[in-house]
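Data first, discussion second: the structure below is written as structure tokens.
For clarity, chains are labelled A, B, C, D and E in written order, and residue numbers in each chain start from 1.
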Amino acid sequence: MLKVNNLHTYHGFLHVLKGIDLEVLEGELVAIVGSNGSGKSTLLGTLAGVYLPKEGSIIYKDEEITNDGVQMIVPKGICLVPERRQIFSSITVKDNLLLGAYHRYQKDKKTINKDYEDVVEMFPRLKQMLDRPGGLLSGGEQQMLAIGRGLMAKPKVLMLDEPSLGLAPLIVKDIMMILRKLCDEMGTTIILVEQNLKAALKVADRGCVLAHGKIVVSGTSQELLHNPKVQEAYFGKSSKKTEVPFNTGKKEVRGKKLI
Amino acid sequence: MTRENVILKVDNLTKQFGGVIAVNEVSFDVKKGEIFAVIGPNGAGKTTLFNMITGVLPSTSGQVVFENHKLTGKKPYQIAKIGVTRTFQNLEVFSNMTVIENVMTGAHLTMKTNLFTAGLRLPMVVKEERKTMEKAMECLERVGIAHLAYKMSPTLPYGSQRLLEIARAAASNPKLILLDEPMAGLNSEESRQLIEVILKMREDGLTFVFVEHDMETVMSMSDRIVVMDNGVKIGEGTPEEVYQNPKIVAAYLGDEEEDTVYA
Amino acid sequence: MEKKDLKKIYHNSPAGPIIFTVLLFLMPVFISSNYIFTIFIMIGFYALVCNGMTMLTGFAGQISLGQATFYGIGAYSSAIVTGTYGLSPWIGMIAGMILGALIALIVGIPTFRLKGHYLALATLGFGIIVYTSFKEMKDLTGGSNGFFGIPTINLFGFEFNNDLRYFYLVWVFVMIGLIFSRNIIHSRIGRALRSIEGSEVASDAVGVNIMNYKLQAFMLSAMFASLSGSLLAHYVTFINPELFGAMTSIYFLLMVIIGGSSSIWGSIVGAATYVLLGEILKQLVPMFLPSAGGEFEIMFFGILLVVTLIYMPNGLYPQFEKLFSKFKKKKEKVQPPLQVGGDRVASGGENQ
Amino acid sequence: NSDSKSASGSNESDSDTIKIAGIFSSSGGAAPLGEPGLETLKMIVKKQNEEGGINGKKIELVTYDDKSDQNEAVLAMKKAITQDKAVAIIGGTISGNALAMLPLSEQNKVPFISTASSRQIHQKEDGTAREWVFKMPQDDSHAVEKLLQYLKEKGHSKVAWLNVANSFGTGAHAEFKKSARKYGIEAVIEDEFEATVKDAKPVLTRVKKAKPQALIVWGTVQETSVVIKNIRELAIDLPVLGSHGIGSQQIFNLAGDSANGVIFPGGRLIVADQLSDTDPQKEILLNYKEEYEKEFKKPVSLFGAHPWDGFYILVKALEEKGTDRAAIRDYLENNTSEFVGLAGVFSLSPKNHNGLTPDSLVMIKIENGKWVLEE
Amino acid sequence: MEVHSQVIQLLFSGLTIGSIYALIAIGFVIIYNVTGVLNLAQGEFAMFGALISISLINAGLPLWAAVIFSMLIVSVIGALFERTAIHPARKSSVPTLIIITIGCSIAFRGIAILIWGTQPQSLQPFTDNTPIKFLNAVLLPQSIWSIGIAILILFAMIYFFNKTFVGKALTACVVNPFAARLMGINPEKMSLLAISASAGLGALAGIVTSPISGASYDMGMMLGLKAFVAAVVGGLTNAPAAIAGAFVIGILESFTEGLWSSGAKDVVSFSMLLLILFIKPEGLFAKASGKRV
């Protein structure tokens, strides 16, 4: 579906992506994790055409899209839900969602309304505030809106940059479920960037760990979860972090993973 | 809990936006040196609560008292002067400055230079600048982004910008810092380091109130927690008390039993 | 570990201003044309106004389209104090600056509650009101006919009555102004001002009294403009309201931007570019198009402006900076130029 | 000091050209007035040079556009004096600019022949003449007095006065206030309109209520046309009088039929063919008109005429006195009498650096796209 | 009765002036909405429209053809303006963009002098211009044209921005161009579209005005400034509100002029404006801005 070869991207003089090779199959959910500043957002940005790579190639369904700008990539069905939500702040929630379907409004006008209903159903929280300007929503509500808007695009490849950011645990679960369902039922290909390795790998088919602009480890979720190298590279030395007891330190309630 | 210990007192605070009651008669006390968490589902009113405490939004009713100062009705800069600063959920770094200047601006209140002494660049100004710069560097080192000091702040990755905001808030020698989702965008290792930073600052006498959705952080860092839902306070207590309260678990955490791996 | 040295953030060396001043003040040794001096005097007037505006626009991010008002207030204060009441020009100058600052304060208090373009409009509107008052208060200002007979400046019996002397007078003021405002920019005050442009809420949250700082910047810029107006009045000895209309305000903003508002030096560069470009076109255009009149000049003027700003959106000064840094021996690596506005995406969200 | 330095430059008698500077507003708000002036000056200098120049020396004309801006005017003046070292300067299209320029001519002792009209240009506050400044157009007071004379003859004693809100209008307004009483005329309403007026009906509704016997609209072409059109639209059926500033063909275009019947004090130039043959100006007026219209393919305008007068007065002085600035000044002041120019017959004197009278103007009526001499 | 007719007269005048400002203000707002640029060259489009249509009519074209052609020509000028000046500088800061538009307006004026000279010109009224009497006040058919066109466009704008997808997409472009691009909206194309459309509308404003107040190369600046004012009074981001703002200003001006003094016109209307701004800092008809922290 999407094939990335030796991708190099720069921000000005800063060499951020240093040769990424990645292949994503149709209907697959791939998680990309990595520490702060490792280039995750840059990678998604490059795939979506926001940044142009200096070197390497991106091939989508046998078609080279390496140097196509966002404008040409979006209509092909590749959609990015960006970092920091980027909602249209002075536009109502409803119109925000509808604008998500902009690139296909001429082609299938009829289905848009149905999709809109579906998306609103997925986020009951948003249902109460459809006429409010998007910028007045709470952080998490904005995040839902951004995701919802991405879903409205009905893309073939959906990329999400830290979708769980700012969302309550309960909602994160829902979202992950929705993503999984999208893969399974609609055959959408999903690339998911997450800070939280566990949460991401839980839903993903496969995962890659990005460090300093390179993919250092990749494999199926199960493999990664149990790969000691990953544990070390990613969590630092003590992988027991999740076992940190409560501050009061009296009782070990924590045995179950929270997220 | 003795009264002298209470540093921040939130009393029946309410905020109404048109028809929406975002915060509904919320009250709680924060003790000196405490790390206090506010949790709750999205849209519960946590950020709005912070906005009222720091004066960004006027409250509809109720009041906030910090030490002996009534904060209600004061402007943010006045509240900062009293010793309360904050970070922002949606990141508000000064994008036209380098990282270190951001932090030096954070130290604004600790400085005395005025228009005329600055214009004439009296020796005391130079001295103060130097001191502030050292202080700013120290703050950056603390949160671990000193190596980025001379970069323009918008080029920092998201996570580092969060750290920058915390360093900036700390630079003003506040007594209380409010953190709105400090861990968002940090991975577990990074959050852990930040927790340590915060715990260390607490030892220096700082008090923290923070909002966070990352339960690991909340559970491991906070002394006490207030839980909000739909603008109302639905619970309060130590992490374990909260964690065992079925009402809270249902409203916020979800049923923990099924620990499904979806894939 | 990073070196903790202020020089890494602020280039505050006195070398720049000193070299510039020396070169400038030596100019009369080589040039004796009064015309050239007049040009430099004009540049000086504009540079002084732009200097204040750079602080306001470039650093506090507030667009004023009413700066000619203060320029006019200074000019008329001086004219009235010296021409009508026969007092010393210095009193006029100081009176003008105080009045300018006071008016800036009064106007600023309601105006700075407004944001962005509303502020631009409010200052524009205020400018038009004052401009109309200059015209209508005929007894005081002479109305549209103008104000005659403004005396020249004298200092302890030394008359600034020719271009050479005036050249020195004006540029002493300009350089003092430049150093003063550069010092401000490189200090707590400057950071506070810039933080307002960066993010008002955050600025407020770290304890910057935004209103207070905006007002200070506005008042200071008003004082600079007023001072410049006073100097103008004593130089041309005749003023009329047309000098202080909305177009003049717009041209001031133009100079600030073309010079580059990220540095105080930009104000001098901008003023010089504006005046020199006009003069050079006046010289060149008839050489190539002998039959052409003024229309060609303004056309080229407009086109050159646009082209310059397209290629150098941060104004001309950063180009000079690059040039200088080439000459300088590389003691320390020079900071990369600010990427102001270069990537609005990264700062996210709102774009208004 | 530097004054003597720059003044000495002009005395180089060995140079084989005579430098004259022309400073006009050929762009900006006053461009419609400045352009014909500049064109005329270029035309007659060329002609003079073709005819052998002055005492065998060619005239070199340097011209500047002051963009209708006072600062630009000052800069241009400075340049003309100190760089070009012009013997004399002709120009200053609008009064504001001329007023800003003249201190330079006084300081540097260079004859300045103004083509802008304010009386303050050639007269100091105390009524004495400025030493180095001469002014070719009629004073506003001449035009106003001519108008008042006319009104008195017609027996209109209650009038409405409207002027454009710039120095052209307010200057005349001051003159009007000064002289109206003398002619037994009273203004029942006095007001202003903007030079950029789009619709003057609001003011006119008030004028109408004041019930005047005649209406004076003092402005230049564009704004006057708008006001006149509005007067007709409101069906205010009163005599309308204009200023000498509307004596341009443009008024026919802009005001169309509304202009019919408007009467104004104007120079003889535009009604030259209707003048009686005994009129001393008739011949030169017709000649100028013919030459200008041939050269530029557009009708003459009164504003073009002033540089003509200035130039030929100067030529006489140059022929007699060479390029010595002081001598020229003295000659201009003392030896120009009964000079027949386009604007009128000039008699300059040390007391009067304009030398025209109200009779240099005639009342002209607009009739179906034509100028008609009234009287 | 006398007073009545005066008030009505003033109202007519105010509406006429207001409609002229409105036509330019709309273009102003559209450009602002789509590109975030405060286009101070907007008035020059009116100037081009007026002068081009006069030339076309003098060349023998019938009025309707001249109107259409000159609108088209000015739209092309607008498109060129967008491509050569706005587009390459789109990432610059707000003041830089403002100054670029000022630079363009200066250049446009220079071009206009080159082509048409400095003399003002005039256009015949669209239709027979016998004043219509109404309670002793007169209304000119040309004013009706002008007011009518402004109102027609008002409704068109309301429909376009609130009801059509493209209208919403246009708004999205300025609110967040980055996100707009991610949605497949092409801000560059929108910007080209918006600027040439506004240029066309500006041209129309100029054409409608010239029978009323004549046309000359320098008519643009003042019109542009007043339109700016109108747009801001309306709230800057909302085309219908800008039109309303323009009428408010026109009427205010005409009433001060008619009831008090013309000299005070600008003072009164600007003081009033400042007052409005101080009371309602976001403009008279602004919607919630959607900004919070």
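Heads up, the rule we're going with is that a residue touches a chain if its C-beta (ideal position, glycine included) is under 8 Å from a C-beta of that chain, and two chains touch if they have at least 3 such contacts.
Just so we're on the same page, UniProt names per chain: A, B = ABC transporter ATP-binding protein; C, E = Branched-chain amino acid ABC transporter permease.
Since this is a predicted model, take the numbers as computed values, not measurements.
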Problem set entry | Path length in the contact graph (chain B to chain D, fewest steps) | 2
For this session: Select the chain at the greatest separation from chain C, using centres from the mean of Cα atoms.
Result: A
Problem set entry | Euclidean distance of C-alpha centroids - chain A vs chain D, Å | 76
Seminar exercise, completed: Rounded to the nearest Å, the gap separating the Cα centres of chain A and chain C is 49
Problem set entry | Averaged-CA centre spacing for the pair chain E and chain D, given as whole angstrom | 36
Problem set entry | Of all residues in chain B, the ones touching two or more other chains | 47, 56, 88-92, 155
Exercise. Which chain C residues reach two or more other chains?
Worked result: 135, 201, 293-295, 297-298, 336, 339-340, 343, 345, 348-350
For this session: Could you tell me which residues belong to chain D and also touch two or more other chains?
Result: 26-28, 31, 35, 165
Problem set entry | Residues of chain A that touch chain E when the two form their complex | 48, 50, 70-71, 74-75, 79-80, 82, 86-91, 95, 98-100, 102-103, 105, 133-136, 149, 153
Seminar exercise, completed: Within their complex, chain C touches chain B through residues 1-2, 4, 6, 8-9, 12, 180-181, 183-184, 186-192, 194-195, 197-199, 201-210, 216, 220, 335-336, 338-340, 343, 346-349
Exercise. Which residues of chain D touch chain C in the complex?
Worked result: 1-3, 5-6, 25-28, 31, 35, 38, 64-65, 67, 69-72, 74-76, 78-79, 81-83, 95-96, 99-100, 102-103, 118, 120, 125, 165-167, 169-171, 174
Problem set entry | Complex contacts: residues of chain C adjacent to chain E | 57, 63, 110-111, 113-118, 120-122, 124-126, 128-129, 132-133, 135-136, 201, 246-247, 250, 253-254, 256-258, 261, 293-306, 309-310, 313-315, 340-345, 348-352
Seminar exercise, completed: Counting only contacts in the complex, chain E reaches chain C at residues 36, 38, 40, 84-85, 88-89, 91-96, 98-100, 102-111, 113-114, 174-178, 221, 225, 228-229, 232, 236, 263-264, 266-267, 270-271, 273-274, 277-278, 281-283, 291, 293
